[in-house]
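Listed below are the structures to be examined.
Shared chain: chain A. Partners: chain B in the first complex, chain C in the second.
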Partner chain A sequence: MTRNAEAALLVGAAAVAAFGVALVNLARGDGIDAQVALTFVVMLTSFGGFHLAVRQWSPEASPFLLPLAAIITAVGFVEVYRLDQGRASLQRWWLLIAALLAVALLFTVRQTGLAPLRRYRYVLLLAGLLLLLLPLLPTDWAFPLRGFEQNGSRLWIRLEIGPLRLQFQPGEIAKLILAAFLASYLSERQAVLAAHTRPLGRYRLPELRQLAPLVIAWAASFVVLVYQRDLGASLLLFALFIAMLYAATGRAVYLASGGVLFGAGAVIAWSSLSHVQRRVTAWLDPFADFIDTGYQIAQSLFAFGSGSLSGSGLGLGAPDRIPNATTDFIFAAVGEELGLAGSVGIIATFGLLVAVGFGISLRSRDTFRKLLAGGLAFVLGLQTFLILAGVMRLLPLTGITLPFMSYGGSSLVANFLLLALLARISHEERA
Partner chain B sequence: MPALLLTLLKFIFIAFIYIFVWQVARAIGQHVGTGETGRRRKPSNQVVIVKSETQAGMDIAVRDAVVLGRSPEADIVLEDPYASEFHMRLVRQDGGILLHDLGSTNGTYVNGRRVGAPIALNKGDAIQIGKTIMEVQ
Partner chain C sequence: MNQPLRRLAAALFVAFALLILDVTYLQVIAGPRYRDDDRNPRVVASRTGKERGLILSSDEQVLAQSTADPDNPQRFNRSYPEGELYAHLVGFSSLNFGDEALELVYADDLRSKRDLTVSDLLSALLGGDLRPKSIQLTIDHALQQVAFTALGDQPGSVVAIRPHTGEVLAMVSRPSYDPNLFLGSEAIEVRQDLLVDPAEPLANRSTNRTYPPGSTFKVVVTAAAIESGAAGPDTLFPDPLELELPGTTEVIRNFDEQVCGNGSEVTLQTAFRRSCNTVFASLGLELGADVLSLQAEAFGFNQEIPFEIPVLTSVFPPPSAFANDLPALAQSAIGQRDVRATPLEMALVASAIANDGIIMEPTLVSRIFDPDGRVVSLNEPELLQRAVSPSTAAVISDLMERVVASGTGTRATVPNVRVAGKTGTAETGVGPPHVWFIGFAPVEQPTIALAVLVESGGEAGENATGGSVAAPIAQEILAYWVQSNG
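Let's look at the complex of A and B:
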């Protein structure tokens, strides 16, 4: 696919977003208003700007990343607009900001490439851990940067200087930074991690001290689980670590011991943490406590059910009954208004996007880039899977955002930066 | 707005999503297709490491001659403790590849047989050095 075909598809995605907004307007009985044009222009500006930056500074990058992300963003935006117009206009700003930051990233690395990420790995580790722990800052101290709690999880920080109030979920960025750290660390250590073994019967086990980083990652994600009560981030971080360790060494023993550690952690968490118990109970039987803990998942199931094969049509369902429909449960809104047909289309698009990411990883010859692309694609895929499975009651709800679709600045910014990194990696491998 | 029209527009919206994704998927398919066939059209001019602890997936293009070994001086450095410093040489000859073992300690195996005299490689042959396995493509 040429760059021009990519550009044409991006225009198409902006048109789909505008068309969706127009359909919502029609369903409400309003005339088509300025929102349609505004949506088209904002989608075109953000993805078009990103596209031009790729042309300019990473011309060999894979042309498939942006169109796939754009169509997901378009459908997500239409649902956010349908649910909450105020949030939709904020989301438009976030789209522009996210694209601007992605462009800035491509510009910054245009000459150095991604080498600095590889070199300053311990700075990255520190920055990643700091970002992760930032929400634990006190809520009521004098310093304008404060952590605070929302919906029972402590994963937000708020910057307040005079009238300016900015809220952010630093964990979203932390996961990219930690992926870069792991790629750098593992690309250097992989031979050691893969080679040193101690025979046990017909199996070869790694030396015990080689497992130390695994235990540290496990402990870190447990801290996130206990103190921030964030199931999703905790699981993502641990799984990312195991997946990258496995990708780097090809040793199934890391998968197995990761699985054992995860199982142990899950049992401990379930038996001792009330917020985990609530999630599991709501998952096993949402209708047992329909009014309270099961309400959200039950409403989500109703949404999918009433959506049936082709959905109620945009603006014609009642996805506003689901609590947090614009963020975690955005996919239930899609399921209700576009039905199985629309949901499957979106899942297929996510599947393609993740596959393109892994394709970039597989084609990379350089170990660092291979691991980074693999880690980023993995985290994108796992996050998508976890929240979709949670919304559909396949797994307990983990409370993370659906990439590119959910309302929220942190999530959009993080995922646009992820796209920029993948684009840059694919450029460096082909150039 | 009549309900029938809205239903029709809903199907058009969903159709747009599918047409869009189909376009991208087809382009990805073509991209993968040309990448693979482009490589395979020319008879065996490259060797790919298929199994190795650290180098799996690496392509070794054989233009004139390449020396593989554990030494940093080798053209292709094998990260395998069982490889000799200069283990083997692959030479382009008559449109094919000829393999010379350079007197390696642990030997070079082609399809499971230890190489003595230089041997011509065919597409699909498996070359093993220590724990590293390569395939001729």
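Let's look at the complex of A and C:
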């Protein structure tokens, strides 16, 4: 596929967003207004700018990444607009900011490539852990950067200088930075970690001290789980770590021990943490405690059921009845208004995007880039799976965002940067 | 290194395949179950929030209306401007509890049919009107208010009917409740409180409660006597202080525990005027269960009364019940024992006498019209059944007029208006009596027939009689009606 075809698809995605906004307006009984044009322009500016930056500084990058992400973003934006117009206009700003940061990233690494990421890995580790722990900053100290709690989870920081008030979930970025650290660390220690020298009967196990980082990762995720009460981020970080360790070494023992640690962690969390118990109870039978714990999941199921095959049509359903419909539960809104056709389409598009990511990883010759692309593709796929499975009651709900679709600046920025990294990797491998 | 990466990718694709299977299950296989679940807010919203038609009184007073929600113009809020005055008739259309009374019975006309259901679409294709229709009642708002006020805070009912058409002019049941509360945020608590309230404000006493009719039932017994030729107004009856019931030591006395006339003999006319139990008990025994039962049924007892809202059937026990129980027959002849009537039924008894012996089908809704004011359906008066011959009706009308002129019902007297009536004071065995007045006016050409019931004596308690408590209420209503419809 050529760059020009990519550009055409991006225009198409912007048109889908604008058309969706127009439909929502009509369903609402309003006329076609400036929102339609504004949406088209913002979508075109952000993805078009991203596209031009790729042309300029990473011309060999995979042409599939942007169109797939753009169509998901378009559908997500239309649903956010349908649910909350105020949030939609903020989301447009975030789209521009996210694209600008992605462009800035491509610009910054235009000469050096991703080599600095590899070189300064301990800076990355430090930065990643710092970002993870940032929300634990006091809420009431004098320093303008404060942590705060929302919906029972402490994931947020808020920067307040005068009238300026910025909120951000640093964990979203930490995810990328830690993936880069792991790719760098593992590409170097790969041989040692894979060399299993300690015999145990027929099996050979790695030296115990080689497992230390794994235990550290487990402990870090547990801290996130307990102190920030964030099931999703905790699980995502731990799984990312295990997956990359496995990818680097090819040793199933890491998967197995990761599974055991996860199991142990899950049991401890379930037996001692009330917010985990609530999630599990709601998952087992949302209708048993319909009014309280089960309410949100039940509303999600009602939305999917009401959507049926073809959906109610944009703006014609009632997804506003689902708590947090613009963020965690955006997919239930898609299921209701676009029906099975739309929900399967979105799942498939995510699948393709993840596949493109893994394709980039598999074609990479350089270990660092291979691991980084694999890690990024994996974390994108797993995050998508976890939140969708939660919203659809396949698994207990873990409150994380749906990449590119959920309302929220942190999530958009992180996922645009993830795209830029994948684009850069694919460019470096082909150039 | 590619092998583990491929495995990770494969694992994710299996996971995504599971998502697609699950979403297919949710939207298609289990979809209808979730879609139609009663707790699904879409189901609830499809019942409410839509525009519904108006409900008006005959004099165009708005009793139920839908107004656009100020926060969301696509939603409509139902409200009942007259509140508890019409609660039992109009009912409500509630988010939590569905529809009630006329809101339920006429839901199909009142609701907007723009739901895009298959049947609505078909109807639209066939030229059907999808807009909500409005309904107009036969109730006269001013009369309803007068009746409501006249009954006051006493538990009871007033039913007023236009005798020659069957149109219900007023139908009041107290205590009442404010149907608007069923639409508010406190609906669940409000309903619970109303359900456990011992005063039973949710009950429609006019149609859904039966009471022993007491002496008002003497109208039926007298009708049976005249129709069967067994007695006329001037027929003489023995006038004992007390009547021994056959086969028992029980006796029936008159209300004041006195003789009815001079103590030897008394005419039926006097016995009716003074409501003497001894005479009617022995007349009932003389007529027999079959004759009484047939006459009661001719007046509408033991029959389903066709009406827009549900009506409990009034009961006169079958003749077999009296085969070995003549005391029961004697007591039934004075409207006690197991005889039970709704206020609506007793209003129909009065209307039959007022309308030359004919009962018209009672109606609450006069017409249904579309938003352009075009009448979609008009309720024409229909004959329900003949209760007595015109001549019998005329005789009883005369007897009833004497009750008001110089009998137990003098407190229903309206100056310069000929009023006919019959009082009733029904012993309940426990607590104060239920007191009644049934009647009509003006006698020469009746435009209103009514039944007034005050439960458990109302404010007068043990001392209450139909003549002292129910008759004055009827007087207010009749006086207002005749004056304003003179």
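As a working rule, the second predicted complex is superposed on the first by the 430 of 431 C-alpha atoms of A that agree within 3 Å, B and C clash if a C-alpha of one lies under 4 Å from a C-alpha of the other, contacts with A are read in each partner's own complex, and residues count from 1 in each chain.
Quick note on the criterion: contacts are C-beta pairs under 8 Å (C-beta built on N, C-alpha and C of every residue); 3 or more make two chains touch, one makes a residue touch a chain.
Please read these numbers as outputs of a predicted model, since none were measured by experiment.
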Partners on chain A (chain B, chain C) - clash or fit: fit
Which superposed partner A:F168 touches (first chain B, second chain C, both, neither): neither
Contacts of A:M1 with chain B and chain C, given as first, second, both or neither: first
Which superposed partner A:W218 touches (first chain B, second chain C, both, neither): neither
Touched partner set for A:Y407, first chain B, second chain C, both or neither: neither
Chain B versus chain C as contact partner of A:G29, first or second or both or neither: both
Contacts of A:P67 with chain B and chain C, given as first, second, both or neither: first
Partner chain in contact with A:G374 - chain B first, chain C second, else both or neither: second
Chain B versus chain C as contact partner of A:A348, first or second or both or neither: both
First (chain B), second (chain C), both or neither touched by A:F47: neither
Nearest Cα pair across chain B and chain C, whole Å: 5
Those residues of chain A which chain B touches in one complex and chain C touches in the other: 29, 190, 249-250, 339, 348, 355, 362, 367, 370
Residues of chain A that touch chain B when the two form their complex: 1, 5, 9, 12-13, 16, 19-20, 23, 26-27, 29, 63-64, 67-68, 71, 75, 190-191, 194-195, 249-250, 310-311, 313-314, 316, 338-339, 341-342, 345-346, 348-349, 352, 355-356, 359, 362, 365, 367, 370
Interfacial residue positions of chain A with respect to chain C in the complex: 29, 190, 243, 246-250, 287, 290, 298-299, 301-302, 304-309, 317-318, 321, 335, 339-340, 343-344, 347-348, 350-351, 354-355, 358, 361-362, 367, 370-371, 374, 377-378, 381-382, 385, 388-389, 392-394
Chain B residues touching chain A - in the complex, by the definition given at the top: 1, 6-7, 9-11, 13-14, 16-18, 20-21, 23-25, 27-28, 30-32, 53-54, 56-59, 79, 81
Residue numbers on chain C that touch chain A, as the complex places them: 1-6, 8-9, 12-13, 15-16, 18-20, 22-24, 26-28, 30-35, 37, 39-42, 45, 73-74
